[in-house]
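In the part that follows, the structures are each spelled out as structure tokens.
Next come two complexes built around chain A: one with chain B, the other with chain C.
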Partner chain A sequence: MAAEFGQLFLISALAASLMQFFLGLNIISLDQTNREILITRFTSIHCLTVFLAMLCLGYSFLTDDFSVLYVALNSHTNLPVPYKVAALWGAHEGSLLLWILLLSLWGTSLAYSKKFFDHTLVLKISSLSILGLVSFGFILFIIYTSNPFERIYPFPEQGQSLNPLLQDPALAIHPPILYAGYVGLAVPFALALASLMSSNDYHWAGLARIWAINSWLFLTGGIALGSWWAYYELGWGGWWFWDPVENASLMPWLVATALVHSLIVTEKKQIFNGFSALLAIIAFSLSLLGTFLVRSGVLISVHSFASDPERGLFILMLIGFFTGGALIIYALNQKRSKPLNLNLWSRESLLLLNNVFLCSAAGLIMIGTLYPLVLELVNSEKISVGPPYFNFVILFPFIPLMLFIGVAVFSSWSGTGKKLLVNINRLALLSIVMGLITSYLILGYETPTATLGIILALWTIFTGAMPVIKNLGSQTHQLIKNLPMALAHIGLGLTVLGITVTSSYGITFDDTLGFGQSKQVGSYEFKLITIEDRAGPNFKAKVATVDIFSNNKKVGTVFPEKRTYDSAAPSMTEAGIDSNLFRDLFVALGEDLGGGVWSMHLQFKPLLRLIWLGPFIMILGGLFRLFLLKPFSREI
Partner chain B sequence: MLPRHRRFLGICCVLIIVGLASFLILKSFQDNLLYYLTPSDVIAGKAPEDREFRIGGLVVVGSFYREEGSLTSQFTLTDGAATVNVNYRGILPDLFREGQGIIVRGLFNKSRVFIASEVLAKHDENYMPPEIHALSTPTE
Partner chain C sequence: MKKVCLILLLITSQVGSIESNEALTNQERELYQQIIQEVRCLVCQNQSVGESNADLAKDLRTEILEQVQKGSSEDDIKNYLLSRYGDFVLYEPSFKKSTYVLWLSPVLIILLILGWLRKIGVIGK
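Then we have the complex of A and B:
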């Protein structure tokens, strides 16, 4: 019965979201107070019904109701309960339901926000109406093409279980976090459109900033978590593959970062209003594009997409409708702004410059991601764009970006270049000297890019920390005012430092190891002790014991595993990792080559942890801004 | 210098930098395009000589050979019409099987053996794996 109730709730949600949309339109004659009360109620009803639908699906999972197709495909009686919950969003249908649930939750947070006052009430009503329309489109999509409550008859005795790759704590929470970031961008999008259609001034910026930072936080967390998962679970110790699915999350992140910064300018200086609105539209459009890439099946096979295009075409139509519609509204309502008299070295123009770099980075990634798909669809010629392209071209926007980040921190609103130069030259010198020392004396010279990367990372860290250090003696308010920015920039610097050092100085190769034999990896020695059998709850495993020595002193032992799950045929590699802040030692078990010899994948990765420590610190900065500082200045 | 001259100089600099960056980006794009061919394409002489490319096909049943304790394996790929001999040193993906569809990246050596630098089993490269039933059905 649960599945039928779920279906009913989903249809109720469809109706509620449509009501939410219509209540924002002027065709219904209501005074503003009643309109606001009604639209708030319908937003809650919409959210509640989607939540109940999700609960119904959860109930089907927990009771092993394999007559529901989605449950039969993604669950099994011996699947541990936490993974039955994670299986809710483990595949297409359920993850879209989650997408809609999160969208309606963000909508509800907007509806109950205390940040709206009389003159911004119209913004709230119109943006809730727009969010209602977005939700309506996607609920319709679920009901028509990807219904999670579909029954099968005759139903199977047993389910096919969740993909073993997905049976992992980090990946269980990865989709909700990433999706929360994706769909959170719908709120700035809706606010931007609401503003364009009404007062068309800067009032929306302070409001949009709250949700932009929120979704930026979730995106940062989601991407970092995904990369961490890929590192230890996919088996081969890579942490970023420039895979289209990864790119699909990185592009909105880059534009969301630009949006957060642009909104500061719009809020504080009341300029760049149109640019911020455009960024809000692009950011959400890239979220939709990401959903399309991941969910349409176009990546798995362009041909299967072309032959069974129902789902993909529907999402494409939704993208076309929302992005196209938004851009038309933007074009029609774009006011000719009075000529700006910007000083090149003022904070506003430096932020604008960096936002352009962030967007170009997103653009370059988009070319590399979409070009092969388009070419295959048009020409049926199969090509792919290799990681070297991304690794190389990302430097073009990122080198100047990192350079100007530090300059922008020291610039002032409407400021000029002269004072700026005096303020930054000492820190610049410090970064260059420390960078050269690190790259030449401590690590040993590798490439010019590596040296430059280290210098720029240090520059970003130093300039980020400086405004806080300078105010150490002063009042708390002065001290913490710059903390969110400082943490975000230090986090970025640490991430770039980690990426540069790991990719330039890391060692990675495949080799054979016999029992008692050892192999040299950099200054470390890996020695294979034993390989034993072990039985898990729903798998069997071979577990190796590998001791690691440095200068004949044992520094660690790792236990890489090869697992064979009862349900699915392919075996899984669980890496053995010994890590601290300075380096990761990594062993993945290959296969038994006969004669007591196993193949192994061995890695030494210096400063790898910084790649995930950085985002963590960035997130702290964002949380600090949202919860500990005074509310945004110009909301009232 | 007049402001007009300065502006002209500034615009020239920006144009040169943007032009140079676009040139390098386009070149990198060209250099890193990996073509995907079938064994028949290879036999028809479509394979590039001087740069890596990818071949996709099924591993011929019975063709897999690896000396005991060695990391180097040999196998044959087919698309039903033509075959290519492949040589690979390294760990094979978990999903590698005879009869299974795989993709190899690499170059031919002088004796026309394909030296693979990477072997991908189907679905192995997909970060977010597709629906389960796609895994269990044989592809291509």
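Then we have the complex of A and C:
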């Protein structure tokens, strides 16, 4: 019965979202107070019904109801309970339901936000109406093409279980976090459109900033978590593959970062209003594009699983409708801005410049991601665009971006840059000297890009930290004012430092090892001790014991595993990793070559942890901004 | 021939004398590790041959290892793979008519930005 109830709740949600949309339109004659009360109620009903539908699906999973097709395909009686919950969003249908649940939650947070006053009430009503329409489109998509409540008869005795790759704590929580980021961008999108269609001034910016930062936090966390998971679970010690699915999450992140910065200018200086609105539209459109890439099956990629083209066409139509519609509204309402006469070295220009670089980075990634698809479509020519391409082209926007970040921190609003050079020359010198020392004396010269990367990373860290350090003696308010920016920039610097050092100075060995044999990787010696059998709840595993020595002193022991799941999928590697802040030692089991000899993947990766420490610090910065420094603006 | 090599490799491994990376100089080893990351495993879902456990990936790894040991250069090996498997095999697309836009896109984007900044008057006036 649960599945039928779920179906009913889903249909109720469809109706509620449609009501939410209509209540925002002028064709229903209501005064504004009643309109607001009603639209708020329908937003909550919409959210509640989606939540109940999710609960029904959860109930089907927990009771092993294999007559529900989605449960039969993604669960198994011996699947541990936490993964039965994670299986809710482990495949296409359920993940879309999660998408809508999160969208309606963000909508509800907007409906009950205390940041709206009389003169912005119209923004609230229109944006809730737009969110209702977005939800309506996607609930329709679920019901027509991807219904998780579909029954099968005769039903199987046993389910096919969750993809073993997904049976992992980090990946269980990865989709909700990443999706929360994706769909959170719908709120700035709706606010921007609502503003364009009504007052068309800067009032929306302060509001949009709250949800933009929230989404940015979730996107940052989701991307970092995904990368961390790929590192220890996919078995080959890589942390970023430039896979289309990863690119699909990086593009909205880059534009969301630009949006957060542009909204600061719009809120504080009341300029770049159109640019911020455009960024909000692009950011959410890229989220939709990401959903299309991941969910339509157009990609051949490690993450996406085959689906039928009907779904792809439906999502394409949704993208066309929402992106196209939004751009038309933007074009029709765009005001011709007065000439700004900004100096290049004012904070306004520098922020604008960096936002443009962030968008170019997203644009280049989009070109690289879509190019092979388009070429195959137009020319039937099959090419691959992978890491060598992306690692190269990303430098074009990122080198100037990193350079200007530090300059922007020291610039002033409407400034002319006269004092700028005096203020930054010491830090610039310090970064160059420290960068050269690090890359030539400590690590040893590798490539010019590596040296430049280290210098720019240090530059970003120093210039980010400086405004806080300078105010250490002053009052708390002065001190914490710059803290969010400082943390975000330091986080970025650390990530870039980690990426540069680990990719330039890391060592990888694919080699064979017998019992008692050892292998030298850099200054570390890996010694294979034993390999034993182990049985898990729904898998069997071979577990190796590998001791690691440095200068004949034991520094660690790791236990890489190779698992074979009962659901007869190909075997999975669980890497053995010994890590500290300065380096990771990584061992993955390859093949049993017989006679106690195994092929193995050994890695020494210096400063690898910074790649994930950086996002963590960035998130702290965002949280400080949201919860420490309130309110955003007295005017909103 | 490929199969034979692979079997030989397996046999030699079994008896403990490892005919894999052992004989490589550091330079050769780096080249080998780099190339296996840039060659696509054609039967996998977007994985390099260095990341894949598929049989084809193993064959290709053996192939690349042999060529590296023979002293072939990076270009030689890549050209050989290109002639045998087509453009799809390399993660670095070659520069030709159909990829002009792809490779020139960074330059185009930089030019666009400069033009736009000039137009709105932030630079050049």
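Here, the second predicted complex is superposed on the first by the 623 of 636 C-alpha atoms of A that agree within 3 Å, B and C clash if a C-alpha of one lies under 4 Å from a C-alpha of the other, contacts with A are read in each partner's own complex, and residues count from 1 in each chain.
Keep this in mind: contacts are C-beta pairs under 8 Å (C-beta built on N, C-alpha and C of every residue); 3 or more make two chains touch, one makes a residue touch a chain.
Everything quoted here is computed from the prediction, not taken from an experiment.
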Sharing chain A, do chain B and chain C clash or fit in the superposition? clash
State whether A:L342 touches chain B only (first), chain C only (second), both chains, or neither. second
Is A:N379 touching anything from chain B or chain C once the two structures are fitted on A? First, second, both or neither. second
Give one of first, second, both or neither to describe whether A:T508 is in contact with chain B, with chain C, with both, or with none. second
A:N74 in the overlay: touching chain B, chain C, both, or neither? Say first, second, both or neither. first
Counting only touches as set out at the top, which of chain B and chain C does A:M251 meet: first, second, both, neither? neither
Going by the contact rule set out at the top, does A:G238 touch chain B (first), chain C (second), both, or neither? second
Give one of first, second, both or neither to describe whether A:I490 is in contact with chain B, with chain C, with both, or with none. neither
Considering only touches as defined above, state whether A:I367 meets chain B (first), chain C (second), both or neither. both
Counting only touches as set out at the top, which of chain B and chain C does A:V356 meet: first, second, both, neither? second
Footprint intersection on chain A (chain B / chain C) at 234-235, 241, 243, 299-300, 364, 367-368, 371, 381-386, 388-389, 393, 396, 510-512, 514, 570-571, 590-591, 593-595, 597, 599
Which of the residues in chain A end up touching chain C in this complex? 234-236, 238, 241, 243-244, 299-302, 304, 339-342, 344, 349, 352-353, 356-357, 360, 363-364, 367-368, 371, 375, 379, 381-389, 393, 396-397, 508-512, 514, 570-571, 590-591, 593-595, 597, 599
Residue positions on chain A within touch of chain B in the complex are 73-74, 91-92, 160-161, 163, 165-166, 226, 230, 234-235, 241, 243, 245-246, 294, 297, 299-300, 364, 367-368, 371, 381-386, 388-389, 392-393, 396, 510-512, 514, 568-573, 588, 590-591, 593-597, 599-601
In their shared complex, chain A is touched by residues of chain B numbered 21, 24-25, 28-29, 31-37, 54, 66, 68-71, 89-92, 94-95, 123, 125-136
Tell me, which parts of chain C touch chain A in their complex? 10, 13-16, 18, 20-22, 29, 33, 36-38, 40, 44-48, 50-51, 53, 61, 86-93, 98-99, 101-102, 105-107, 109-110, 113, 116-117, 120-123
